[in-house]
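Each of the next two complexes has subunit A plus one more chain, namely subunit B in the first and subunit C in the second.
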Partner chain A sequence: MIRILAACGAGINSSHQIKTAIEEEMKKRGFDVKVDTIVIKDITEDTLKNYDIFTPISKPKFSFSIEIPVIEAGPILYRIPAMADPVFDELEQVIRNLKK
Partner chain B sequence: MGDACRKGGEWVESVKSLFREELIFMTDLQTQEEVFAYIGDTLLQKGLVKKGFTESILEREKNYPTGLDLNPVADDMPNVAIPHTETEYCNDKAVVFVKLDRNIPFRNMIEPDRELTVKYLFFIVNHEKNSQTNILSELIEFMTNREHMKKLESLKGKKEIYDFLTSAQ
Partner chain C sequence: MDAIIKFANLVFEPIINLGAAPMMFIVLALLAMLMRVPVGKAIEGGLKLAIALTGMGVIIEILTGNFAPALQDFVKSTGIELSITDVGWAPLATITWGSAYTLYFLLIVIVINIIMLILNKTNTLDVDIFNVWHLAIIGLIVMYYSHNLLLATLLVAFLGVLKFINADIMKPTFNDLLNMPDTNPTTTTHLNFMLNPLIMVFDKVFDKVFPFIDKYDFDAATLNEKIGFWGSKFAIGVYLGAFVGILSQQSIQTIFTLAFIGGVTLELFSVVGTWFIAAVEPLSQGITNFMSKRLKGRKFNIGIDWPFLAARPEMWAAANVLAPIMLLIALIIPGNRILPLGGIIAIGLTPALLVVTRGRILRMIIIGTIMLPVFLLSGTAIAPFVTETAKSVGAFPSGVASNVMITHSTLEGPIEKFLAILVGELGANFNIQNLAVTLLALAAYLALFIWYLKQMKKRNQKYEEEKTA
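What follows is the complex of A and B.
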């Protein structure tokens, strides 16, 4: 199973929307993923160690470097294929590269 | 990008019911600070939010902006913003609609370094952390429908706007 961490400012609205969209789309594409949601400011270097992929709305500036693949998931919020599909395609590519 | 390829596509009852006629505003205020203070004060007087709400949405907007560029949907679309904050500053659930006489700069939700000018604001007031309805996603779905925004652009009065927001399909 691929573990993904979605993050936004409050950890409720946008990240939850990203979670639902990613889980739905990746299931359709045949991948077993689980997405957790979190408030950006609660993320530590250790938090990210528990995940394979990080999908914030836009790339946050942390004091530490991020060791896992980061995909900016903001365009998913539009819920229109022209915006969301490139993000899903990138995510699929990253998942394939993980070879899990 | 027609409606046929959209999921759901229905303006849900649970979000329509969050609009109130007294929470439809039109203003000629010209900065984000002024508009946020005006809306924050009004909501505080009505008991919908707690003290600190205005400061909190201002701070949130700085760190996690909520402007949404609707250009990817169609090139004649006005931009929108969806200011919101933590549930602890809210006492109730509502969506506050604001039409700005003059566009105000906001930063882009998905590209925070980019600025865009915004004509409509949809403030989310929500005191329930585990709300069943994802208000933000339903609002975005409403806004990314070109017909909805075109219709909104044609409406002049608060009553008309309220009726449209609560009856649109």
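What follows is the complex of A and C.
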């Protein structure tokens, strides 16, 4: 199973939209993924160690460097399928490269 | 005509009489089916709103049941009149979505958006349907004072138009702050950015009088890392609970209880908050499908919720630093009756500070400190309305004493709440004096906004020049 972390401002609205969309679309594409949500402020270096992929809305700046693949998931929030597809394609590519 | 009204009453009255949670369950499920959402999904969404309303009520009961007596003792032992419980934004959003009027205000905002897009008065298509609650709550405040739907609609429409203009004018700043290419359509119509004009007044003072202060800006990401878990929801709940317990001279046992109740309720508000996001989801998708189909060929930016800005560490550093400052201000500012708890991380304020100052952290903190009293006084002013509305949608425990009130200490749009109260009072008591005061306030608000637009145009022109240079 691929573990993904989505993050937004309160861990309630945007990150849950991203979670639902990714879980639905990746299931369709035949991947077993689990997406957790978090307030971006609460992410530490340790938090990210528990995940394979990080999907924030836009790339954040931390005091540490991010060691796992980062995919900007903002376009999912536009709710227009054609605009979200590149995000899913990139995600699929990264998942394939993980070879899990 | 009489027959139609009679028929409508016959159909709708029993549904309305069921109470808010059952009614919104039925309304949202039906609306979702109208949007061609599969029946199962539609019912799932409707149920989630109903259980979210009910769940918020349960958590508010736990929180006020434990905190209200301690807050009364707090007033007695300190002499500081802070008796309103701050539940943060999630319960207020749920309560607002528990009112059928929110769907009406949503319709108004969608119509405004379509008209403005067609007339080329905005370039923003708003798909952030959920956040219409911020305008809806303003409309509900007007109705709370006056029962005047026309005045409520006019104020919501007025603010709605300005929000779209604001979304357009901020776009180049978003590109700058997040290194987004011009092709990226992300923008936001969020109400919190309607505080930009006032923040900009103070930012200009810094430009003219204290520009040297920017030299002392520190690295926000490092500060955030140092604060670590101390800034997380449960930790805040724990030490604010303890703070209340100690100052109200409770027993050691009660102090611990208050601390852990504070922690658990703040966590639970978020959990329940996620439920009703799912309830609004089919509606959001349906409206977006409808609008984007009809706007084919038109290029536009897309308005989403503000947290794409959450990538910038400055807004969190400012929120972390402002939290203890807010507690202090709450204790000393005359007129405030809120003890900060659920809203103490001021995400209703720091995104606007980020946009206006473009991440100058010291300016954000200092101007933020100046803004906090506005939020506290606004939150105090709307507490009777929030409490009453929570009761009417069944999200407030019935057994609690009638003087117990809830509110949100850092609710977006503090100035707009005062405007809503003025407009509401005008509707309730239409006389020359109220009319003059309200019109004057609205004129001042609009004048400040127009001045701000001018400043932002200058800023955007500079961005253009930098690009071509």
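To be clear about the criterion, the second predicted complex is superposed on the first by the 100 of 100 C-alpha atoms of A that agree within 3 Å, B and C clash if a C-alpha of one lies under 4 Å from a C-alpha of the other, contacts with A are read in each partner's own complex, and residues count from 1 in each chain.
In the analysis below, a residue touches a chain if its C-beta (ideal position, glycine included) is under 8 Å from a C-beta of that chain, and two chains touch if they have at least 3 such contacts.
Everything numeric in this text was worked out from a predicted model, so none of it was measured.
Participant: Taking the superposition on A as described, I'd like to know which of subunit B and subunit C A:Ile80 touches: first, second, both or neither.
Facilitator: In the superposed model, A:Ile80 contacts both subunit B and subunit C.
Participant: Between subunit B and subunit C, whom does A:Gln17 touch in the aligned arrangement: first, second, both, or neither?
Facilitator: Touch partners of A:Gln17: subunit B and subunit C.
Participant: Between subunit B and subunit C, point out the one touching more subunit A residues.
Facilitator: The partner making contact with more of subunit A's residues is C.
Participant: Figure out whether A:Pro56 sits in contact with subunit B (first) or subunit C (second), or with both, or with neither.
Facilitator: Only subunit C is touched by A:Pro56; subunit B is not.
Participant: Could you say whether A:Thr44 touches subunit B, subunit C, both of them, or neither, answering first, second, both or neither?
Facilitator: Once the two structures are laid over each other on A, A:Thr44 reaches subunit C alone.
Participant: Does subunit B (first) or subunit C (second) touch A:Phe64, or do both, or does neither?
Facilitator: Once the two structures are laid over each other on A, A:Phe64 reaches subunit C alone.
Participant: Do subunit B and subunit C land on any of the same subunit A residues, and which?
Facilitator: 8-10, 12-14, 16-17, 20, 40, 57-58, 74, 77-80, 83
Participant: In the complex of these two chains, what residues of subunit B are touching subunit A?
Facilitator: Counting only subunit B, the residues touching subunit A are 1, 5-7, 60, 63-64, 68, 72-73, 84-87, 109-112, 124, 126, 129, 131, 134-137, 140-141, 144.
Participant: Spell out the residues on subunit A that touch subunit B in their complex, using ranges where they run on.
Facilitator: Residues 8-10, 12-14, 16-17, 20, 40, 57-58, 72, 74-75, 77-83 of subunit A touch subunit B in their complex.
Participant: Spell out the residues on subunit A that touch subunit C in their complex, using ranges where they run on.
Facilitator: 7-17, 20, 37, 39-42, 44, 56-64, 74, 77-80, 83
Participant: Quick one: which bits of subunit C touch subunit A in the complex? Just the residue numbers, please.
Facilitator: Against subunit A, the touching part of subunit C is residues 89-90, 127, 130, 178, 180, 184-186, 219, 221-222, 224-225, 228-229, 231-233, 270, 273-274, 277-278, 281, 284-285, 288-289, 292, 302, 304-313, 316, 319-320, 345, 347, 351.
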